[in-house]
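Labels A, B, C and D are assigned to the chains in the order they are written; within every chain, residues are numbered from 1.
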Amino acid sequence: MEQINVVLGVIGSDCHAVGNKILERYFSAEGFSVTNLGVMVSQDEFIDAAIETGAEAILVSSLYGHAEIDCEGFRDRCLERGLDHVVLYLGGNLVVGKTDQTAVEQKFLDMGFDRVFSGSHNELTDQAQLLRDDIMASRNGKRHRAG
Amino acid sequence: MNTGLDTQKFTEERKTVLQSWPTGSEVDLEEAFAFHQSLPKKKVCSIRLQEALDQQVVLLQPRAGVALVDEHIRLLSFLQEESDLLPTTIDAYTRQNKYADAQKGIERSEQAQRSLLNGFPAVNHGVHGCRSIIEALDKPVEIRHGTPDARLLTEIALAGGFTSYEGGGISYNIPYAKNVPLEKSIRDWQYVDHLVGIYEAHGCSINREPFGPLSGTLVPPCVSHTVAIIEGLLALEQGVKSLTLGYGQAGNLVQDIAAMRVLKKLADGYFRQMGYTDYQLSTVFHQWMGGFPESEAQAFAVISWGGVVASLSGATKVIVKTPHEALGIPTKEANRDGLLATRQSIQMVADLSPLDTLRISEEEELITSEVTCLMRSVIELGAGDLAAGAVRAFEAGVIDVPFAPAVCNAGKVLPVRDNDGAVRLFDTGSMPLSSDILAYHRDKIAHRAKQEKREASFQMVIDDIYAISKGRLVGRPT
Amino acid sequence: MNTGLDTQKFTEERKTVLQSWPTGSEVDLEEAFAFHQSLPKKKVCSIRLQEALDQQVVLLQPRAGVALVDEHIRLLSFLQEESDLLPTTIDAYTRQNKYADAQKGIERSEQAQRSLLNGFPAVNHGVHGCRSIIEALDKPVEIRHGTPDARLLTEIALAGGFTSYEGGGISYNIPYAKNVPLEKSIRDWQYVDHLVGIYEAHGCSINREPFGPLSGTLVPPCVSHTVAIIEGLLALEQGVKSLTLGYGQAGNLVQDIAAMRVLKKLADGYFRQMGYTDYQLSTVFHQWMGGFPESEAQAFAVISWGGVVASLSGATKVIVKTPHEALGIPTKEANRDGLLATRQSIQMVADLSPLDTLRISEEEELITSEVTCLMRSVIELGAGDLAAGAVRAFEAGVIDVPFAPAVCNAGKVLPVRDNDGAVRLFDTGSMPLSSDILAYHRDKIAHRAKQEKREASFQMVIDDIYAISKGRLVGRPT
Amino acid sequence: MEQINVVLGVIGSDCHAVGNKILERYFSAEGFSVTNLGVMVSQDEFIDAAIETGAEAILVSSLYGHAEIDCEGFRDRCLERGLDHVVLYLGGNLVVGKTDQTAVEQKFLDMGFDRVFSGSHNELTDQAQLLRDDIMASRNGKRHRAG
């Protein structure tokens, strides 16, 4: 299988490391070449790493509730820095407090993320397959935008 | 570096600290001492802890913190009735000293009319903001956070009238930070403890609580106990007098009771060995700190079990989770519900005489031997300087916290549950445990692997991480 | 009267029974046997129980019953996923054979579009109504009620395809009735057991479950165990093959584990002593049966603790309460939440090896001696006729159920908790316990009284009755 | 203190006996002369006992959820049988299921009960005092009707 590079990390001042370690293992086992930046990653660090590794997707986690603030303008920043076709995924506990998950996901889709996985007990089932499909679509210029 | 800080150096350092954000200028020590001395007994944490120690009851404490002062007071007032001790949980920006980000969070919260911060930004609200909290409430309030460099936060919080303060140079670095050198965080927490010591010297009692659960995820008791004892010693050395050592529920009844029973015994032993006699020591049990089930009904079961074990293990206080744990910061009602369920659980088993099982005694012995191995090595590495010993111990992987984000943590140790659900060491990394202890862990894990007809592996570890959130303690294959 | 019923007399009696309400004519035994034989294994209760016995897991069963068939099926379908065994709880009019009142309840429920009955009126809905329940569901369904004269209900329920049936001549009289003579209810339940025996003889397995908790309020284990063993023997004598003996959580961990452990041992002992070998014996643990706290969060704690103890005590199944217990018949969501919390609790402790405390063994010995005293007296009084012995035992107060409404119960015994929360006998009435046992109870209660600096009294009993609903096990003075 | 007779019992087919035993003790300790009919008492049994003992109040419990059916017409039946001034109290778990307690209480006040105590954890605090006052008012022809 051809190598697909992706960048993984936890955004902002967020220190939640457990899910990140499991995600690294999952996407690696599924055949992706994963650059894991760990916790407390800024937007620019994500983008730097994506440029450096030629990543086709950035997988962002946010657990601690500050995603609304931390993720603001991420898509624009990618575009600014020339990452036109990168697939952006976001997952975790995305807002402060228990909220309707669909509304939450829509909020981040509107921000420019391609897929959003909210709620904590996100079983890792078909995410790798979705990612592969989305990256293929993106290569063909059809970037997936759910919602 | 392991000595009471030099007064002159400390005074110089203070200036810089207090200048690092405008609210620092609000701190006036003499005025703060007077404020503390004027506090009624019911608001002083160590007094309440002593009552609990004497009466052998478990005190309940929730977690809670929101962006704005008034809203935070409303929240704590609501929780006060069902709590014995109150918290003020600090937001994640403040924990990283990002006071400008916190300011943005405050402003956006004011606009949005809901808290966009995951805690209370005490530095930004300053001494006056803190005072209004202490004045509005009738019970002791503690700062709970996760701040590697908490010097300014401590200055403001203590001057603000808080009588209890969580954290430590190891426990607020390893699980909470990524690139902070351990020397630095330990040094910055010596500052914190030194400041507490100054308050103590002026007759103002400030309880200090190292953060027991660390990464909250399958942490073997010997690891967290070793950290707790080191942080306790480092605090005593700076003049701290009231200490609460913590432990996060691992899930197996026998192991949890044993761990709590030896925590106090071991700590007292080391403290006395190092010449400390004039201190108050209590313990805190954290209800399950790992991933929770999403269903509130299931979360209630996890919370209730935590309450039961807190009581059976003789904790002085218990930190209470809420039925919203898996989902997000709880509403005040969900927070209160966690307290109600916990108190009911505690009081239903409070009358039971201590369990007298052989297996608990055996587990106590095991943990004692393990901690003895680790502490011996730390003390040796330090060669008379415990702080240096701790730094070297982490470098060498002598202490190694599973699933921690900090780069100064070796991260080689892998825990996994045995067939009874007790947390054992699958990969012991470089921890200097004796060969019989290593064999014991190996055998226990082999026994489970055999029962499950599979090899012990990282997959088994992952299964254990998910297990409670999926409804059981041990992650068995399905 | 204690013999397998005479076939001819039974046949005559059946005619009258089946004629006592129109739906009786729907019963056709041969057709019913065929229906039972056609049931898939997953719908047969005793098969599911055997699996649980073999795998040493605890099965979960809720309580549920509403007035109308469709609504009842919807309710059970909703609960099915989280349950291992399903119930059909019968309404209180049917329990008193007031089928006309039940009919009024059905009609008014149809009008009101909500259930005005506190259970499912199976007699009124007849064999066909019952069949549609069994057909609609994928798990075994049991009739749970409280009917002193359950002959017609049993005819209809068994023909209707239920594979499990709760009750007994003592346990469904003493707590559930006022003026029904014990001879009569025991005789009517011999009819029930005889009918079950006929089904068994035709290869249709029907599980029988005497009702363990009795009045659900501070019942000493020796009292409920004695009743359970007598009812088990009476059932075996009529040809029953699958028995589940029950016990209601008393609240003290040590006493509850001990009680559950000896229940099976004692029953097996008496069954074998009386010559029975060909039976299946399982146990059921009832989560706290007394008054619940009103707060749902507190109720969850009570439920979760019940789940934990069910698992630690090795029960084959557990009857699950709901967070609405104190308030009224639960909604289906509240009912499911009780199941979710219970399963989480059970599975969090399922991996723990059995607790090995000395105090549990001592308590096992105590209960064994107590039951031995009571059973010896019952057997003596019966002089070869156990049923007669039971009737005389109640007349003489040899068995005496606290807080029971039946006038044939002496009502002299008063239980109260000891300082550990175990249920002890404050007034032993006429129960023929040995003098050392009596002294033990006296001492335990005196110890508590001393701790509380008050005399043991009826007020202490009342305090204990209210205690769990007010948040703790032992009703201490405030 | 002068003797006041009251009748106590659990109505209908209801077997819940524990509360009843405590109520008997409570009202006796408070100085009332209590005739306790126990569980499973019909309307007529209550009324018979009240006539026989010259009771000034009937204290009805219903725990099992059938109060709506069992209590229907109780006040009318009292009037029919000549009990013009008897004070009627009702307490327990009055309807099937968890419901708004105020609405429930109103329903039974409308049926003619003088006071209604619903919800299970009815602490016995001032009920005896209320009863004494209501009986006095009733003697003076002012029967209390809440709501």
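Definition applied: contacts are C-beta pairs under 8 Å (C-beta built on N, C-alpha and C of every residue); 3 or more make two chains touch, one makes a residue touch a chain.
Everything numeric here is computed off the predicted structure, so don't read it as measured data.
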Distance from chain D to chain B - Cα centre to Cα centre, in angstrom: 55
Chain A-chain B separation of Cα centroids, rounded to whole Å: 31
Two or more partner chains touched - positions in chain B: 293
Chain A, residues touching no fewer than two other chains: none
Touch-based graph of the chains, sorted into line, ring, star, complete or other: line
Touch relationships between chains, expressed as pairs: A-B, B-C, C-D
Footprint of chain A on chain B - complex, ascending: 92-93, 95-96, 98, 101, 104-105, 108, 114-118, 146, 175-179, 215, 217, 290-294, 324, 326-331, 334, 403-405, 458, 462, 465, 469-470
Residues on chain A engaged by chain B in the complex (per definition of touch): 12-15, 17-18, 21-22, 25, 38-40, 64-66, 68-69, 93, 95-99, 119-121
Of chain B, residues touching chain C in the complex: 251-254, 293, 295-298, 300-305, 307-308, 323, 336-338, 340-345, 347-353, 355-359, 417, 419-421, 468, 471-474
